[in-house]
Amino acid sequence: MSKSTFSRRGVLQTGAVAGAGLAVPTIFTASSAAAFTNEPTGGTVTLGFNVPQTGPYADEGADELRAYQLAVEHLNGGGDAGMMNTFSSKALKGNGILGKKIEFVTGDTQTKSDAARASARSMIEKDGAVMITGGSSSGVAVAVQALCQEAGVIFMAGLTHSNDTTGKDKKANGFRHFFNSYMSGAALAPILASNYGKDRKAYHLTADYNWGYTTEEAVRTSTEAMGWETVAAVKTPLTQTDFSSYIAPVLQSDADVLVLNHYGGNMVNSLTNAVQFGLRDKLVNNKNFEIVVPLYSRLMAKGAGANVKGIFGSTNWHWSLTDEGSKAFVKSFGTKYGFPPSQAAHTCYVQTLLYADAVERAGSFNPCAVAEALEGYSFDGLGNGPTLYRAEDHQCFKDVLVVKGKENPTSEFDLLEIVEVTPAAQVTYDASIFGGELGSCNSGA
Amino acid sequence: MEAIVLQILNGLDKGSAYALIALGLTLIFGTLGVVNFAHGALFMIGAFCAVTLSRILTLSHTIIDDTQKDFLGNPLKVEVPYVHDLFGQTTGDAIIDWAVPLSILFAMPIMILIGIVMERGLIRHFYNRPHADQILVTFGLAIVLQEIIKYYFGANPIPTPAPAAFKGSFDFGAMLGFEPNRIIYPYWRIIYFSFAALVVGGVFAFLQFTTFGMVVRAGMADRETVQLLGIDIDRRFTLMFGLAAAVAGLAGVMYTPINAPNYHMGMDFLVLSFVVVVVGGMGSLPGAVLAGFLLGILESFASMREVLNILPGINQIIIYLVAIVILLTRPRGLMGRKGVMED
Amino acid sequence: MLGLKKSDSRLLLLVAGITLLAPFILNPFPEGSELAQFNAGYPDLMQRFVIFGIFAIGFNILFGLTGYLSFGHAAFLGVGSYAAIWMMKLLTMNIIPAIILSVIVAGLFSLLVGWISLRRSGIYFSILTLAFAQMSYSLAYSVLTPITGGETGLQPKGSDPRILDAALVNGTTPKANLFGLQMGSSFDLTLGSWVFTFNTGFYIAAVIMLISFYLAIRIFRSPFGMMLRAVKSNQNRMNYTGLNSKPYTLAAFVISGMYAGLAGGLMVAMDTQAGPERMFWTASGEVVLMTILGGAGTLIGPVLGAGVIKYMENILSKINSDILHGWFAFLPDGLENLIVNVLYPFIGKGWHLTLGILFMLVVIYLPGGLVEGAQRINRLFKSKSQNDSKAKPEPAE
Amino acid sequence: MGILEVKDVGKRFGGLQALGDVNLSVAENSVHAIIGPNGAGKSTLLNCLVGKLIPDSGSVMFDGQSVLGRNPYQINQMGISRVFQTPEIFGDLTVMENMMIPIFAKRDGAFRMHAIENMMAERDIVEAAERSLEDMNMADKRHQHAASMSRGDKRRLEIAMCLAQEPRLLLLDEPTAGMARADTNNTIDLLKQIKDERNITIAIIEHDMHVVFSLAERITVLAQGTPLVEDTPDNIKGHPKVREAYLGEAA
């Protein structure tokens, strides 16, 4: 276990400013002497890892935290350097960022916007964090991203899949590596059409909140473009635990595919219920009844157990990928923690590396300089093939994985198998379709 | 028509879960006069009894299989459950497969014990405190219990499937003369419903036909008189608390195949089950059961597409709406006794 | 002073002193020391202390005085927040209209909920308020998304109309202000290795909290406050004394709802964001915990309780295992690991567990909350010193 | 025409006829006792007078106005105060505050929002309360919590609270139930004093014949929900019907 001390305010890290009675007016915590919020002036730089540690996504948060710790270790020159070896950019030297050793603080988002913002603000105001990253829901991501914009620090989103994060709620200081609902739909539709045919009738169950709406919309549009018909779309309350009364009427509707636009506990329960009802053993319109889950995560697959077998869905990344970057990451994560990383861990690790790299290339921690370095940046070797951080909306465009629940898993982590790696070009869309305004970057100065 | 039959089925099934939890709550309120916010946590602990048993049954030793590789390219470690060594592969697998039904036997003594410990150690000191204090201390207990479970089992749901024999669903429609595949219902849910009916019937019979039950019922009606008769009603009430905990726990055990258990499932059910108790009438056992089924059916109807098209969002609030209407028009609930916490 | 009794004036002055000096009091440890982890004197947390203090003071007017246990007060806070954020989107980023509207809207909503819920008392009242709050939460999260922003909530945007404000410089984010004074602006005072932050938003919220606290004292000491305590004590006698208890409880309900709305409006003013989860029933439970933990029915208790819970939520939850190892690094490795393993379940991600245990202990042993605890300790010392003086042998004459 | 006129009042609970055609007239400035064996309907009648129950039939007029359909607090505002069998006081409040509440109710009606005024600044109310406490010899207890007092003191406080409102009709529900003989005598003296000093009508429900015959000017005997007879104490003592229904049972 590493023995290091954490959490200093940037101002005092050199001890240079320590003079009695020196009063400095500041906006947020960027002192007027500094060029931007929380400019690191000492030998260290503080990053804020804001993940759910309590609440239903705590396990996902724990995995994200593992990835962050691993990334910090690698960036500071420890361990086997993981994906730094395969990363196309060679700016990172394993001596921290710009020669400053990386320290970090952690916080609990509780998967609530308020708590997440409180935690992020404490990292910015108290601990002097110059970048905030993490989160495992879009509500939290959008809320924290807006905060970081206001405070003048960079936000590197963790797991957030809603179109809104880099769509209508995009911000100049926020960056997302994870894919989104639109990409899920675009990647899934062709695979569904080729596996299940173009003459299908779909029944959507949709979680009744923003992410559910965008996901339903995305899957609907792209499957309808393939020739599918949408028979019905029913909204289910977020707090629902037993989905039987939503699933039972599906067979009466003449639909032959059920799309579950659910995430987390909702998805685990609705899929479990649907399989229980024996939907997948039925023949409708002389076709096998099928179930689709647009967004998969390994932890959800684990929660749903054997029910995921044979069910299609999409995912940002999976540890069974065989490119050099993924192999390097799986190896160092697996060696350190004893099990393969989840996609949440992957995106968090990559985001940390990308941030560090952008700072190195920009030669400054200034958020505006970092944003400029990230905008329109193309890179490779981080597990998803050639990737572009698009300047217009700060969204990464890269290959999307279509996966299927594995029939014969060899371990509790081996639950999904990759069916198709959908190339980035196929999931790219016009930056303006979701509205929103990026604004201009804020450095807090 | 089919849709309605189907939603009634659904409602009965949902309702049986509500009824079981509410029954336990009402037993505790009726006998001890205690409002127990930790009841949902007992339901959750019951479910985790099933998880624990299946963990025990799958306790394994590892053997290295050189022919297969794990994700890091090392030889695969294969876990072999001890039950395979003890009973052979087929019997062993069958035992693991039947973990949930077996958990009933496992959970029963544990839940009764937890109930008794809870009553003796904590609840007892709150008989004469205001209801608000009871709510608060049991609410605190619920937080503690769920955090402990989370510490050991994590936040992620843990799948605990039903035995393979109960997979799939039964075609009611075909039986009733509808088209096939229109009204199907999973076997396990049918079992859950029957199980709930059995437990409810059992509790009623126990209270109705045994001397123990008679004394408890008398105590529920008038505690002081029964004590004056020289009967140690306190000890019986302690046992009743154990019984109520067992009812909640068993409801939890049997629920695990329906939804994979997680640490907050108790809280998810808690608010709802209180609404059920209040609608049924504080302290009324038949009221709790009736209200459980009624709310289950209403909730199912509210989730129908046809209804949602007219009243969007009604599925989000139906339970609360019903509670508000009932409380305003019939404060003692559907079957509450007159004068029992009526205002 | 200000029409208060001497002891109440002293309490008000004490609270005012502590609040205004909070930046010093909450930052007792020098920057960079191991204990700096426990410093709470940064703007966000200081603001939250006073905002939740207001929320709890208001809740206490209802629960502490009348004994009606509302499990739905977070709904008023949430409604107030939405009102405030809409004001900021449509009218101006100046916080005054936002806060005024949030109080009014929360007051109207609480009037409606209270008018219905107060037909019942006891646990039925609790369930009714809970039902209203849960309905508000569910609807705000889903069907009302066009008004509430649903899961992602609402934030002010550059493209909002904001008819009273001058157009923003292109691309900048709108910031909450009081006639140009930004809520986020701070003033750092460095004394040796200590840094103290004086934040505009905190001081504005603090002044509002002090006013709220003063009003609460006035209410407590007024005939109206006495009537509310009479409701809690014996509603039957009240009715047979020619008093209609319903308007009293309803007034208390609306006042506490307005306090909640004020807190909600201030939350938006300090941190321009409103989301539905602040209406979830656990959020209502939180204010109950604050009030009981501090001491229901006492003046200072709720503020104290709010402080303790927010401190745990923000400070305790940030302690991770690395920090623990850092603290105990001086110990031999085995012992260090043992201590860390014992402590770890209770802090960081386990802070809920600590909260639950603390709460149970308070309800069981200190029904009067931390205030009762303080009184007991006080008495203990007093009687001890008395005993001491008695035990002293009298000098022989 | 008495101050309280009860005409043909009937009340059923399910199958039980609790009151049937009760007629009663209480003359102004008199002490009227209602007696009767257990279950005779005395408490039901009282509850009908104060608005806790609404009779199925008949009328209850107080000073020419009907009390039926009014809430207890409205009836109290008309000038009827009730003392309960077990003292109903504000246990969590101090004796002084207990006294002040009825005085406020008298002055301000059923509801008035005094949220900002200081309670102690209400000079006239504080003084009125102190006077009443002194009348009751309870001035030294004014800062005590009411719940911590003896039962006799609680009863005296309750009566004081009712008197502070200067009611025109005081209803007493077994005011000496469960009291020791000495306390009972004190209460009788107290009530006599009230009767002599103030122009007040008192209706009393009582089991204790000693109390009844010490105080009452007229007595109504209730049995099985109907009045058997109404007369002066002396006539009641020898009445055969009463003996049969009530005293005979007691003997």
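For reference, chains read A, B, C and D in written order, and residue numbers begin at 1 within each chain.
By our rule, a residue touches a chain if its C-beta (ideal position, glycine included) is under 8 Å from a C-beta of that chain, and two chains touch if they have at least 3 such contacts.
Just so we're clear, the structure is a prediction, and the values are computed from it rather than from any experiment.
Engineer: Quickly list, by label, the chains bordering both chain B and chain D.
Structural biologist: Common contact partners of chain B and chain D, which must touch each of the two, are C.
Engineer: Among all other chains, pick the one whose mean CA position is farthest from the mean CA position of chain D.
Structural biologist: Using the mean of the C-alpha atoms as each chain's centre, the farthest one from chain D is A.
Engineer: Using the touch rule stated at the top, which two chains are linked by the largest number of C-beta contacts?
Structural biologist: A-C
Engineer: Of the chains present, which has its C-alpha mean closest to the combined C-alpha mean?
Structural biologist: Most central by this criterion: C.
Engineer: Determine the centre-to-centre distance between chain A and chain B, using the mean Cα coordinates as centres, and give it in whole Å.
Structural biologist: 35
Engineer: In whole angstrom, what separates the CA-based centres of chain A and chain C?
Structural biologist: Averaging C-alpha atoms per chain gives centres 33 Å apart.
Engineer: Rounded to a whole Å, what is the gap between the Cα centroids of chain C and chain D?
Structural biologist: 46
Engineer: Of all residues in chain D, which are in touch with two or more distinct other chains?
Structural biologist: Within chain D, no residue touches at least two other chains.
Engineer: Which positions in chain B touch two or more other chains at once?
Structural biologist: As it turns out, chain B has residues touching two or more other chains at 312-313, 316.
Engineer: Which chain C residues sit where two or more other chains touch them?
Structural biologist: In chain C, 138, 141-143, 352 touch at least two other chains.
Engineer: Please list each pair of chains that are touching.
Structural biologist: Result for touching pairs of chains: A-B, A-C, B-C, C-D.
Engineer: Going by the contact rule set out above, which residues of chain A touch chain B in the complex?
Structural biologist: Contact set of chain A toward chain B: 55-60, 208, 232, 234-237, 239, 241-242, 244-246, 248-249, 251-252, 265, 268-269, 272-273, 276-278, 281-282, 284, 299, 302-307, 319-320, 330-331, 334-335, 340, 410-411, 413-414.
Engineer: Would you pull the chain C residues touching chain D in the complex into a rising list?
Structural biologist: 3-5, 215, 218-219, 221-227, 229-230, 232-234, 236-245, 247-248, 251, 255
Engineer: Given the complex with chain C, which residues does chain D contribute to the contact?
Structural biologist: 50, 71-74, 76-77, 81-82, 84, 88-93, 97, 100-102, 104-106, 109-122, 125, 161, 165
Engineer: Within their complex, state which residues of chain B touch chain A.
Structural biologist: For chain B paired with chain A, touching residues are 2-3, 6-7, 9-11, 13-14, 17, 68, 70-72, 76, 150, 154-159, 161, 167-169, 181-182, 184-186, 188-189, 257-260, 262, 264-265, 268-269, 299-300, 303-305, 308, 312-313, 315-316.
Engineer: What does chain B use to touch chain C in their complex?
Structural biologist: 35, 122, 125, 129-133, 135-137, 139-144, 147-148, 151, 267, 271, 274-275, 278, 282, 312-313, 316-317, 320-321, 323-324, 327-328, 331, 341, 343
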